[in-house]
Every structure is written in C-alpha cells, then in structure tokens.
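Two complexes are shown next, each including chain A; its partner changes from chain B in the first to chain C in the second.
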Partner chain A sequence: MLYGIHWDLSNSWTFAASIIPILLIGMKITVLATVFGFLIALVLGLVFALMRSAPMRIVSWPTRFVIEFVRDTPLLIQLYFLYYVLPDVGLTLPALETGIFALGLQYSAYTSEVYRAGLDAVPQGQREAARALNLGTMRTFRDVIIPQAIPRIVPALANYLVSIIKDTPILSAITVLEMLGVSQIIGARTYRYMVPLTMVGILFLILTVIAATAVRYLENRLPRAGIPLK
Partner chain B sequence: MKPIVTFEKVTKRFDDDTVVLDDFDFEIQPGERVVLMGPSGSGKSTVLRILMTLEDIQEGVVYIEDEPLWHEKRNGSLAPASEKHLHKMRGNVGMVFQHFNLFPNMTVLRNIIEAPIHVLGLSRAEAVKRAEELLDQVGMSAKRDAYPNSLSGGQKQRIAIARAMAMRPKLLMFDEPTSALDPEMVGDVLEVIKDLASEHDLTMLIVTHEMGFARDVANRVCFFCDGRILEQGEPEKIFTAPTEQRTQQFLRMVLKE
Partner chain C sequence: MQWIDLLPPLLRGAEVTAWITIASTIGGAILSFAAGIGSGARFAGWRWLARTYVQVFRGTSLLVQLFWIYFALPVLLGISLSPTVAGVLGLSLNIGAYGAEVVRGSLASVESGQLEAATALNFKPVQTLWRVVMPQALVEMMPPFGNLVIQNLKDSALVSLISLSDLAFQADTLRNQTLDTVPILTLTLLMYFAMALVLMLVMRAIERYTVRLSGREVSR
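So, the complex of A and B:
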C-alpha cells in the first residue's frame, strides 16, 4: 500500500493496473518539476544571455563564469549542494522546490547559449538598418531582433524540454517522490521491480512524446521570417 | 552657405590596424548630389557608414551642419559622443543599404511606419499617410501589405528607399543601391532615385558604379582611391576628361563590364 492505495498481486496485469493511480501521483510531481524547472530555465537563461552579452566586462565575465560552472558540473552535485549544504548557512527549501530550482538553474545555463546563438544569428544588417532608422535598443530588440530570433530559438529549446523531463528522476536522490521514486518504493515493498519500472519507462515515453509533438507543432507554425508585425 | 557635411582630418582605422581613411577632408553642400566612385576597398562605403554612425572614427572631426557627429562639446573641448548625442544627430541622416535590410517580419507598410511612429512620434494615421504617399512615389502601393520575402530585389530596394525617406532626413545616402540586383531590376531603382532627386531638393551621397546614372543624377563625382579623393568634379569632366591615370584605368574597367 502506498498513498492509501492497495495493489493487487494476483498476476502482473492486475498488479500493473492497480499501481497506475499510485504512479500517476508520482507523475504529477514529475510534471510539476518539469514545468516549473523549464520556466525557470527559460527566464533565467534569457537573463544570463543578456548579461553575458552586456558591453560591461564586469557584468559579462562573471556571468560567463557562472554559466560555465553550472554547465560543467554534474546536476547531482548541484542538487546535493543546494539540499544539504545550503541549510548550513540558514537557507532551507523543501525538497521539491530545491529540485525544481536545481533543474532550472542547470538548464538555464543551456538555454542561455540557445538564446545567445539565436540572437547572434539575426543578420547584422538588421541591427544596422534599425540603427539607421534611429530605433532605440529596446525597440530594436522588441520589434526586430527578438521576433526574428524566436523561430531559431524554439526548436533548440524544445530539445531541452524533452531532456529536462528525462532528468527529473534525479530528484529522487533528495527524497522527492516523483515517478521513479514511487516505483522504487513499490518495488521495495513488493519485491517486484519489473512491472513498476517498465511502467515508469512507458509513462516517461508518453510524456516526452507528447512534449516533442507539441513543440514540433509549434515549430511548424512559426514563420521562418520571424513573428509577423503588421 | 555652410556645408551640410564636413570631414576634417578624419582617420578611420579598423581593429586590425588597416587604415581606411587617413587625414581625410571632405565637404558636401546642402542640395548637392555627390557620387563616390572607385575600386572596392577604397573606403567609399566607410564614409557613408561613419555618417550613419555605424563606424566610429579614430581621429579628426566629422560635422553635420555645425555640430560634431562623433563628439560633443563639453567645457569648450570636444569629448567622445554619448549615445544620446548620436541618437539626436542620426535624425539628420538616412541610408539605403546594398542588401536592403528590410525587416522580414514586418509588412511593407510596417517597415516604413515603424520608425516614424516610434522615433519621430507620429500617430499611426499620420505615419500611414506618409508611407502611402511614398509607396505611391516608388510605385509600390500594391505591395503595401506584402512581406519582404515575397518581393523581388528591385521591389525590396524601392521599399527600402521609401523607408529611409519616411524619416525625412536632410542627407540621404545610398550604399551601392543596385549592385545586389539582377540587371533587369537596376533601371527601375535608379529611375526612382532620379525622380526623388528631381522632386525633393534632398542632399544625396551615393556610392555606385553606374556611370550613366551618376551622369544623370550627380552634381559632383568624386573618384576615390586608397582612402582619399584622387579627383573630383562635374560628372561630364570626370567621365570624359579624367586627368589622373588611376581614374582613367578605373573608368575603362567599369565600361568594359
């Protein structure tokens, strides 16, 4: 029994059917961690990208260091650090929030590169034309650069969405009961691992396929020339 | 009459230490239509790009009317210009690029009204009215709601001209406006520029290799070589009786093409 739900061990099929509601509770956490982790990555990544391309070196260099540091150290270490070390300095977050933040931070290092590449890929002539028309920096970004960068950025971001889904099981390392964590408990209590683990695999596959399909749909609908302005 | 553009002992070096302009002096009078010609890499486009504030300068002073472009007067001496000063000065100048550089995510109309609305502070209605007049002048009214990628090169360049004109610059510059076009498009674009020249008493600075066009439109042709003006004068004189050997060579080459 887990979360008050009993399993039926008569055979593999009844077992599988009976643990579905339990796994779905875990899936809720997986989806939560993915959605919020990805949102953090989208926003923080943009902030990193802009700070990194700032003209002042006192801003751009430390940002670059932080991005490299986050990107080149394992997520698991960052996770442990946030969860076990930060409370020593008085910063205690619940496990799920810590996990979401760690995922978001790690992926913001990736997404910042995606943003940067997307912004750089807008031809220089566009910036020059905007300057010749005396458009300000903000206006140039808003109406010229960002609308043209988005179709280049979205496909790459999408890959990271799929990838972040697949990274959520790492949260079980800090006691977050997402899908994999739940299935492990089921396995440990029933001594049957094959059914719950297979089902978790299938559920992950369903999640990633849904995400990838949604993103491909969006991608196909994005005009190549940029978000149109009338 | 005081010149609209003055280059005073201007030196432009790129980061790799190539000197493009060295101690360069140059003036344009209001209403003048000047054509710059010469071999590629001789610094013609750089002159335009400096005036458009796309390239800075290392030494000397550039004036637009009485005001230094790349400097500000502070406590009686000249200090490097702030972005605010550049923004103010840029309003005097417009530019048409070789590769048009239209905004592909905007309709033709939006390309033209974007800056008048957000920079000049025109209302949308005023900006649209201005844009429609210009579209009519360049013969592109029918394409008002089209996106640039659906247009030919010649059509794009006519839109780009309308877009630059919509800002009502005192000086309009053309950087090889026809050299990225298919040959059959060149005539249309040059015709549009000639019409503008005759209808508005706009000061124009044009980099082009089109000699026939230069002859029709320019009051003065400057032959540019190695970052300085080797020879200049009325088009008739430069084209029929150039005195410098390099000019003669260049003209022979261009005519052969």
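So, the complex of A and C:
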C-alpha cells in the first residue's frame, strides 16, 4: 500500500493496473518539476545570455566560464552540491525545490546558447537598416531583432522542455518522490521491479510523445518571417 | 581530512568513470551507425526495428532505462547482470539512439546528385554508401557527436545509482563518511570538467581527421 492505494498482486496485469493511480501521483511531481525547472531555465538563460554578450569583459568572461562549467558537469553532482552545500550557507530548501532549481540551472546553460544563437542569426543588415532609420537601441531590439529571432528561438527552447522531462528522475537521488522514486518504493515493498519499472517507462514514453507532438505543432504554427510584438 | 587525502579515492572513481565512458561511447557509436543506416534500409523490417529502438530510448529517461536493465531485465531473462555490464549496456543503448538520429540526418544531408553520379558510375548500393555518401556524411556528424560524447560523460554519473563505484559514487560515499561536503563535491565537479575538456580536444582531433579523410581542405 502506498498513498492509501492497495496493489493487486494476483498477476502482472492486475498488478500493473492497480499501481497506475499511485504512479500518476508521482507523475504530478514529474510534471511540476519539469514546468518550474523549465521556467527557471527560460529566465536564467536569458540573464546568462545578456551577461555573456555584455560589452565589459569583467562580466562576459566569468559568465562564459560559468555557462561552460555548468554545461560540462553532471546534473547529479550539481544536485548533490546544491542539496548538501546550500544548508551550510544558511539556505535550507526542501528536496523538490532544490531539484527544480538544479534542473533550471543546468538547462539555463543550454537555453542561454539558444538565445545567443537566435539573436546572432538575425542578419547584420537588419541592425544597420534600423540604425540608418535612426531607431534607438530599445526600438531596434523590440521591433526589429526580437520579432525575427522568435521563430528560431522558440522551437529550440521547446525541445529542451522535452529533455527536462527525461531528467526529472534524477531528482529521486535526493529523495524526491517523482514517478521513478514511487516505482522504487513499490518495487522494494513487493520485491517486484519489472512491472513498476516497465510502467514508468511507458508513462515517460507517453509524456515525451505528447510533448514532442506539441513542439512540432508549435514549430509549424510559427510564421517564418517573425512575430510583431504589438 | 585534508584535501590531499580526498584525492586518491576520487581519482580511483574517476578512472572507473573514464573506462565506463570510453566503453559506452564505443558501444554507442556502433549502435548509432547500425540504427542510423538501418533506418534508411530497403527492407521494412530493419527500418521498423531501427526506428522503434530510437523512439524507445530517446523517449524514455536514461535513469529509468538503467534501473530497468539492472533490476527488471535479469528477472525477465533469468540471468544476473553486474552493475558494470548493466551500466555500460544502458549508457550505450541510450547514447546510441541519439547518435542514430545524427547518422540518419547526416546521411540524408548528402546531395542527391552524389547518389545519381554513383548510380551512373554503376556503383552497388553498398559501394555508394561506404565510398561516396559516408565520407562526406562523416564530416557533418562530427560536431554533434562531440556534444554527445560530453553528454555521455555527464550521463555516466547516473551509473552510481545502480551501485557502480564511479566518480559520483565515490564522492557520495566519501561525503557520507567524512561530511567534508564542499571540498569533495568541488573536486568532483572539477574532475568531471577536466575530463570533458580532454574529450573536447580528442573529438576536435577526430573531426580534423575526418575532414582530411573526405579530401576537403582542413581549414574550412
């Protein structure tokens, strides 16, 4: 029994059916971690991208190093670091919040590259034209650069959403009970790992297929020429 | 405990991580080519097999795959797998699925004129693939392969969760014994970072080699 729901061990099929409601409780945490981790990655990635392209080297070089370091070290170790070191400096967060922040931090290193590449891909002539028309920096960005960068940036960002879904099980290493963590408990209590783990695999496949389909839909709907921000 | 005392156990773990990464990268490369070429095969059975493999292993989480191979597969087959075998198998299968998409995309990106020229010169399909298409596609594959190798190194930390004593496992064990959290985890992060930098240099050297192999100018 878990979360007040009993399982039926008569055979594999009834066992599989009886644990679905329990796994769905875990799936809520999976989705929660994905959505909030992604939101952090969107915002933090933009901050990193702006700091990286700052004109002052004292800002841009350390930022480049931080992005590279976060990108080239494992999420699991970053997770341990945040989970065990943050309380030492007086910041005690629950496991789920720590996990969400770690996901957001790791993926902000990726999203910052997406923002940078998307902005760089807007032809230089566009900036020059905006300058010739005497547009200010704000207007150039708001009305010329960003509208044209959006169709390149959004699909690439959305692909990382699908990746985050698949990284959430790592949170079970710091006791977060998302889908995999829940299935581990079921396995430990029933001595049957095959059925719960297979069910988790199938549920992940369903989640990622839905997310990937949504991404492709979004990609096809975005106008190639750009989106005016008005 | 001094920082210097933490080094030997962590370096032992780093050695395991290095071997696991190398083994699973080689395994993943073989699977990438098999599934990447297979998804363009004439026989529908091969295409179906390759695409199902890619879909399943890219669509589910690596940690779930590792747990499934370590805990569930032995029950299903009635065999026992050591953490090392399960870890290398899981990492290879996972990275191979990502690599297969790279191989498939690069093969498809070779101009169709090249295929027509090969047909006109009476090349057999196998000759066309290996003598004409592959040398050109290899150049395109290398930059994304470089990213995947780094991803594989980072992913290898997950094998610690199926009790394989790699760098992440040693770090967690040491942390439990000594509670020197900050130095242990800092050293561990630095070691992973150093290994990633070495891998980047190696992949860049291989990239230059494939460019020479294709007969193009090195400084493109």
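Here, the second predicted complex is superposed on the first by the 227 of 230 C-alpha atoms of A that agree within 3 Å, B and C clash if a C-alpha of one lies under 4 Å from a C-alpha of the other, contacts with A are read in each partner's own complex, and residues count from 1 in each chain.
The criterion applied here is as follows: a contact is a pair of C-beta atoms (placed from the backbone, for glycine too) under 8 Å apart; a residue touches a chain by one contact, two chains touch by 3 or more.
Every value quoted in this text rests on a predicted model; they were computed, and no experiment measured them.
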Just checking: does A:Met194 make contact with chain B only, chain C only, both, or neither of them? Give me first, second, both or neither. second
Quick check on the superposed pair: does A:Val59 touch chain B, chain C, both, or neither? Answer first, second, both or neither. neither
Output check: A:Leu93 vs chain B and chain C. Expected answer is one of first, second, both, neither. What do you get? neither
Winner by number of chain A residues touched, once chain B and chain C are compared: C
Touch test for A:Gln148: chain B only (first), chain C only (second), both, or neither? first
Is A:Leu32 contacted by the first partner chain B, the second partner chain C, both or neither? neither
One more residue to check, A:Ala132. First (chain B), second (chain C), both or neither? first
Report for A:Ile227: first if it touches chain B alone, second if chain C alone, otherwise both or neither. first
Could you tell me which stretches of chain A are touched by chain B in one complex and by chain C in the other? none
Complex interface listing, chain A residues touching chain B: 123, 125-126, 128-136, 139, 143-144, 147-148, 223, 225-230
Partner chain C, residues of chain A touching it in the complex: 69, 71-78, 80-81, 84-85, 88, 165-170, 172-173, 180, 184, 187, 193-194, 197-198, 200-201, 204-205, 208-209, 212
Could you list, by residue number, the parts of chain B that touch chain A in their complex? 52-54, 87, 90-91, 93-95, 97, 99, 101-107, 109-110, 114-115, 118-119, 145, 147-149, 163-164, 167
Chain C residues touching chain A in their complex are 55-56, 58-65, 67-68, 71-72, 75-76, 150, 153-158, 160-161, 168, 171-172, 175, 181-182, 185-186, 188-189, 192-193, 196-197
